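Read the structure below first, then the notes.
Chain lettering (A, B and C) follows the sequence in which the chains are written, and residue indices restart at 1 in each chain.
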């Protein structure tokens, strides 16, 4: 199930839910039935200054915004009492006009807020998408016949080389990487359902192979493809397939395809 | 049947699916007209008092539980019920909805107070998103409401907002005048979407950007807001 | 309506919900009988060819997409990643292209390593297919490249593969010596196509067969990792 939001709204937002200065001022106008444009011929400025002076100082930043508005109010009011300057640029709004416009605009948004509140839908539920974000299909592109031939030739050469070797030599190189081992192990576990750790080695095993196999086993356990239990101290480890949690496919595909990087 | 296929698709998708996405995937077998007809039929049948309803927003469709049963569902399936948005969040959301695209600084100028916290909360709730940067000094981030916003308020598009046309007219013809710095009207703004990473989690990217932006803007800010840190959300 | 409430609950729940859970949550308003009746009605209406179906298992109910539309759904909704064929896949593909029809065991002997996964991948990508069974002990599946392979590599037939004759000559001379166990030349093989199910999805059939085959071969193999010790191709 998914909530309407990834984040539920059950967060304490009220901490910062105190009204901002302009809201306090608009509320005073509403209560006093004073039109915004009549604000300076009313006692709203005095009311507001009284309000600010009695504010409990919780938060200096907040207080300073109240004080800023108070000083703006005082300045505009004192200007409005003075005779108006004769010359005002046609295109320039007066500070007072600018203030009124802003108040009127904010008032409008406050009204819309109430209308939005009526439309707010709580407790919507959606379904999780069937495909998770990390699931994907692999599309093979860039089919190149030359690469196919090169890959094949390298195999041929290797085979010819093998042919020339009179006696098979012991190959010191590790016979499989951890990544290959993971894929082999998964195949084995899927096929046999239960596999014993000791049975994963042939007679001529090397230390490195045990390490690689063990690392592969750890990765498989991490991927939850299988579960493992040890039969007593130093005993064999039984690896049991856990089909319900096995989601290795896409990752393994990726691993297998990643080795394309070394090939050009 | 096409309606069955679309029903299955919308159900599996979980997210909203636009009719153009639908068309793109089905065009080999069906015409646009057929798809549109099937959508209408489906919307018709998932409506009314049913438990599952098909909602439409921004020309996208999504299945949702009927809000009428929201209470009983959260009682049975959730630990908590969803609470209403706080007044402050709703207030700023209203400003963004009607004035978008809008920068944080413009919101702050209007509100007369620092709005980092509110914007972060709205981003976190997925109700707004960063849609680009304003082509002006400092390239501040422009915010707009998201699809989640439309869904939460049951709107098919922003134009369904209460008094939308009227308000837009007023904003353009009256209120934008006091904004000396707003060189262009909001709706006609040049938005530079290039360096906003649209693929990554927008909210996070934007939230991270807020920090950078703030550092840049510090010089222009009034003293009392200088060095203001982002408020911790607990 | 009770069916609407249950519809909403099952949709929101996502997972299965048992009728007793349902009863527990709704018992203040509805009787067990009413709930069971509503469940039956709901199950009835979500059945048949619809996109969403209501399945019942272990006395639990769950909505799920109709599997009939599984293909189109994953095509449209699952993200895709583009990849080039890896060296490993290319090599095995080349072996199959030049030496087909060929069994898994022969491929493994050539490569010196278990090739189940690679073959499954090539089947999955539709680049190879099972074309029959070899008339030999255990009747192992014979693989060959598919039409898709020719199309993807831009070939009209296998004989267009570069230096085909020359490569084939080399293969005969080198590999057949190397391949002591292979009793016949590849091109002259008798193919028994009878018991390969050509109608079903070949890839899946073959993939499933791999498992069976492995189990069959198990007796002959001292260890499931047999064939591991020849050479490493890299």
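Criterion: contacts are C-beta pairs under 8 Å (C-beta built on N, C-alpha and C of every residue); 3 or more make two chains touch, one makes a residue touch a chain.
Since this is a predicted model, take the numbers as computed values, not measurements.
K.L.:
Farthest from chain A by Cα centre, which chain is it? Let me know.
P.N.:
Result for the farthest chain: C.
K.L.:
Which chain is the middle one, judged by CA centres?
P.N.:
A
K.L.:
Roughly how far is chain B from chain C, going centre to centre by Cα mean, in whole Å?
P.N.:
Chain centres of chain B and chain C, defined by C-alpha means, are spaced 42 Å apart.
K.L.:
What is the distance, in whole Å, between the centres of chain A and chain B, each centre taken as the mean of its C-alpha atoms?
P.N.:
Their C-alpha centroids are separated by 17 Å.
K.L.:
What is the distance, in whole Å, between the centres of chain A and chain C, each centre taken as the mean of its C-alpha atoms?
P.N.:
Result: the chain centres lie 34 Å from each other.
K.L.:
Residues of chain A that touch two or more other chains: which are they?
P.N.:
In chain A, the residues touching two or more other chains are 1, 125, 127-131.
K.L.:
Can you tell me which residues of chain B touch two or more of the remaining chains?
P.N.:
11-13, 63, 65, 73, 77
K.L.:
Once bound in the complex, which stretches of chain C touch chain B?
P.N.:
Interface residues on the chain C side: 1, 3-13, 25-26, 49-52, 63, 65-66, 69, 72-73, 75-77.
K.L.:
State the interface residues of chain B toward chain A in the complex, per the touch definition above.
P.N.:
Those in contact with chain A are residues 11-15, 62-65, 67, 70-71, 73-74, 77-78, 80-91, 93-95, 97-98, 110-114, 117-118, 121, 124-126, 148, 151-155, 161-163, 167, 170-171, 174-175, 177-178, 222, 224-225, 228, 231, 233-234.
K.L.:
Quick one: which bits of chain A touch chain B in the complex? Just the residue numbers, please.
P.N.:
Per the touch definition, chain A meets chain B at residues 1-14, 16-23, 60-62, 64-65, 68-69, 93, 97-99, 101-102, 104-106, 108-110, 112-113, 115-117, 119-131.
K.L.:
Hey, which residues of chain A end up touching chain C in the complex?
P.N.:
1, 125, 127-131, 133, 135-145, 147-149, 151-152, 154-156, 158-160, 162-163, 171, 173, 175-176, 180, 183-184, 187-188, 190-192, 199-200, 202, 204, 252-253, 256-260, 262-263
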